[in-house]
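These are the structures, in structure tokens.
You will see subunit A twice below: alongside subunit B first, and alongside subunit C after that.
Let's turn to the complex of A and B:
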């Protein structure tokens, strides 16, 4: 610390270390910030049909059973926006058990919420964005199905984690043509 | 880059001043970190946190980098040269490290007394 350059180097290096400590403290205290989101998911209708997997017009591709849902979502997620929230990733999954596999999870809808104004969700009779199709190409033996809304808060500094919000039961009927 | 040497190697301060400068950097930077966290948490804005931290770092630079007078309160007092009584001693060749400890060395600093 005896001349200008020494003091410059010493101050800058300690400033960087303190900045690192500040970032660690911010990321560690973020999960303890209070938040009370309200959420509600209602299911209207589930229909199942069979279709071709890759190309509907190609008769050589395999056919599998697809389920289409209609659902409502009512959620107020504005309290989940704190100083360390970059965006919220909301997604709906269908979880079920099938013969051979204990847990199956299919994401059927998602949305990126960037501002507080977008965090008030009011969806009416939405369809699933992505296909709900079993890995085994039929829903044979599928039981205990649930429809779950998850929220992933993505922070600026810290670790992303998953918050499952609400789970409602779901029954997936078999398609008429695929009754085997 | 030799023309930059007088700029970068200037600003000397005495030993008590160096200890004061070191403790000042520690306290000022830690306080600015704590203040930045509190300001950001209360305003719920991450940018406010980092702006206050940057302001604290700039304040630390201003307070410690320049050789203020309060860093030079206790200057080193060197003993007077004893060359008035005798000629400057030639460095004697020594045979072992033990004898080198007793050999008389006139000036230990590499640029003289530029205090």
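Let's turn to the complex of A and C:
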């Protein structure tokens, strides 16, 4: 009645359709899986110096102001690991307003968390991984700054979403009298 | 020979009808693709990851579904961007966003998760930031390794000819 190739074709096309439908259902339901992460970020210290980093591609780097932060993070993200979690991307951003610029958001630290064991974060007196400098050369006029911890779960398959967590206020001081 | 005798049996009209059906399938596929591009405001709403610079999140061969939209880019989003003069799109995460008040112009800096340095080395010489219009889309969803076929065909071009050849041979020998 039906030859082998026809049967194979029918099975394959049905399998593909079912697989695609399954992937869509998984993608749509994963963000709604319950999770209960706890998080706490404490800021210790912010220090600003000038000319911290010399970047040969950036002529302004030698005389720009760079802020160096020291912070603690206490977080328990194990409940965010469900069966569809490949990894968690945790990052801390410094958000602020500055003259001429409505929003400035700079990632100062990030970490990839791959297992449940690594998901219990207990960082003490960490420094920012990435240099914090303003688009302009100084932090003059920078206001309403805060530090926010975000978690971006990356699923094995599905939709990407971001969970911002705690936001704590931050003050970025101007550098001490800069060398001329 | 068999094809010509079949054609004479069915007549020119039936041949034209078959051609028309074939063309309408092609054009509907094209319309769906372009409609998706319009809806997502992205020139290429489905891309395949070519490099390993976003490991372990995205590996070579992953298919990414992009949605650009019109809203400003947020920090932490994974975006695909194509520099104005370079032909290859790059999938990386946005590390810095500075949005101007007056013009709404955004200055973005990106970095691959698996890279140590940010992307300034990849930008055009003298370019410190990328603009909103260089972003093709933000990654909204993905399917792992589903695009490995595209990567194999890029890396081994003879595979393309082999595939085309097999399809031609199969279609000649099938009954319909």
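In this section, the second predicted complex is superposed on the first by the 166 of 180 C-alpha atoms of A that agree within 3 Å, B and C clash if a C-alpha of one lies under 4 Å from a C-alpha of the other, contacts with A are read in each partner's own complex, and residues count from 1 in each chain.
Please note the rule applied: contacts are C-beta pairs under 8 Å (C-beta built on N, C-alpha and C of every residue); 3 or more make two chains touch, one makes a residue touch a chain.
Remember, predicted model here, so these are calculated numbers, not experimental data.
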For this session: Superpose on subunit A as described above, then tell me if subunit B and subunit C fit or clash.
Result: fit
For this session: Using the touch definition from the top, say if A:79 reaches subunit B (first), subunit C (second), both or neither.
Result: neither
Exercise. Which partner does A:107 contact after superposing on A: first (subunit B), second (subunit C), both, neither?
Worked result: second
For this session: Would you check which partner chain A:70 touches, where first means subunit B only, second means subunit C only, and both and neither mean what they say?
Result: neither
Problem set entry | Cα-centre angle that subunit B and subunit C span when viewed from subunit A, reported as a multiple of 10 degrees | 40
For this session: Please name the chain, subunit B or subunit C, that touches the greater number of residues in subunit A.
Result: C
For this session: Pick one for A:156: touches subunit B only (first), subunit C only (second), both, or neither.
Result: both
Exercise. After lining up the shared chain so the two structures overlap, which partner does A:3 touch, if you call subunit B first and subunit C second: first, second, both or neither?
Worked result: first
Exercise. For A:11, is the partner it touches subunit B (first), subunit C (second), both, or none of the two (neither)?
Worked result: first
For this session: Could you say whether A:25 touches subunit B, subunit C, both of them, or neither, answering first, second, both or neither?
Result: first
Problem set entry | Lowest C-alpha to C-alpha distance for subunit C against subunit B (Å) | 10
Exercise. Between subunit B and subunit C, which residues of subunit A are contacted by each of them?
Worked result: 156-157
Seminar exercise, completed: The answer for subunit A against subunit B in the complex is residues 1-5, 7-8, 10-11, 14-15, 18-19, 21-22, 25-26, 29, 82-84, 156-157
Exercise. Which subunit B residues qualify as touching subunit A in the complex?
Worked result: 7-13, 18, 21-22, 25-26, 29-30, 32-33, 36-37, 40-41, 43-46, 49, 53, 57, 60-61, 64-65, 67
Exercise. For the complex, which residues does subunit C have touching subunit A?
Worked result: 56-57, 72, 74-78, 93, 95-102, 107, 113, 118, 120-121, 128, 139-144
Exercise. How about subunit A: which of its residues touch subunit C in the complex?
Worked result: 23, 27, 55, 57-58, 86-87, 89, 91, 93, 100-107, 110, 112, 114, 130, 135, 150, 152, 154, 156-160, 162
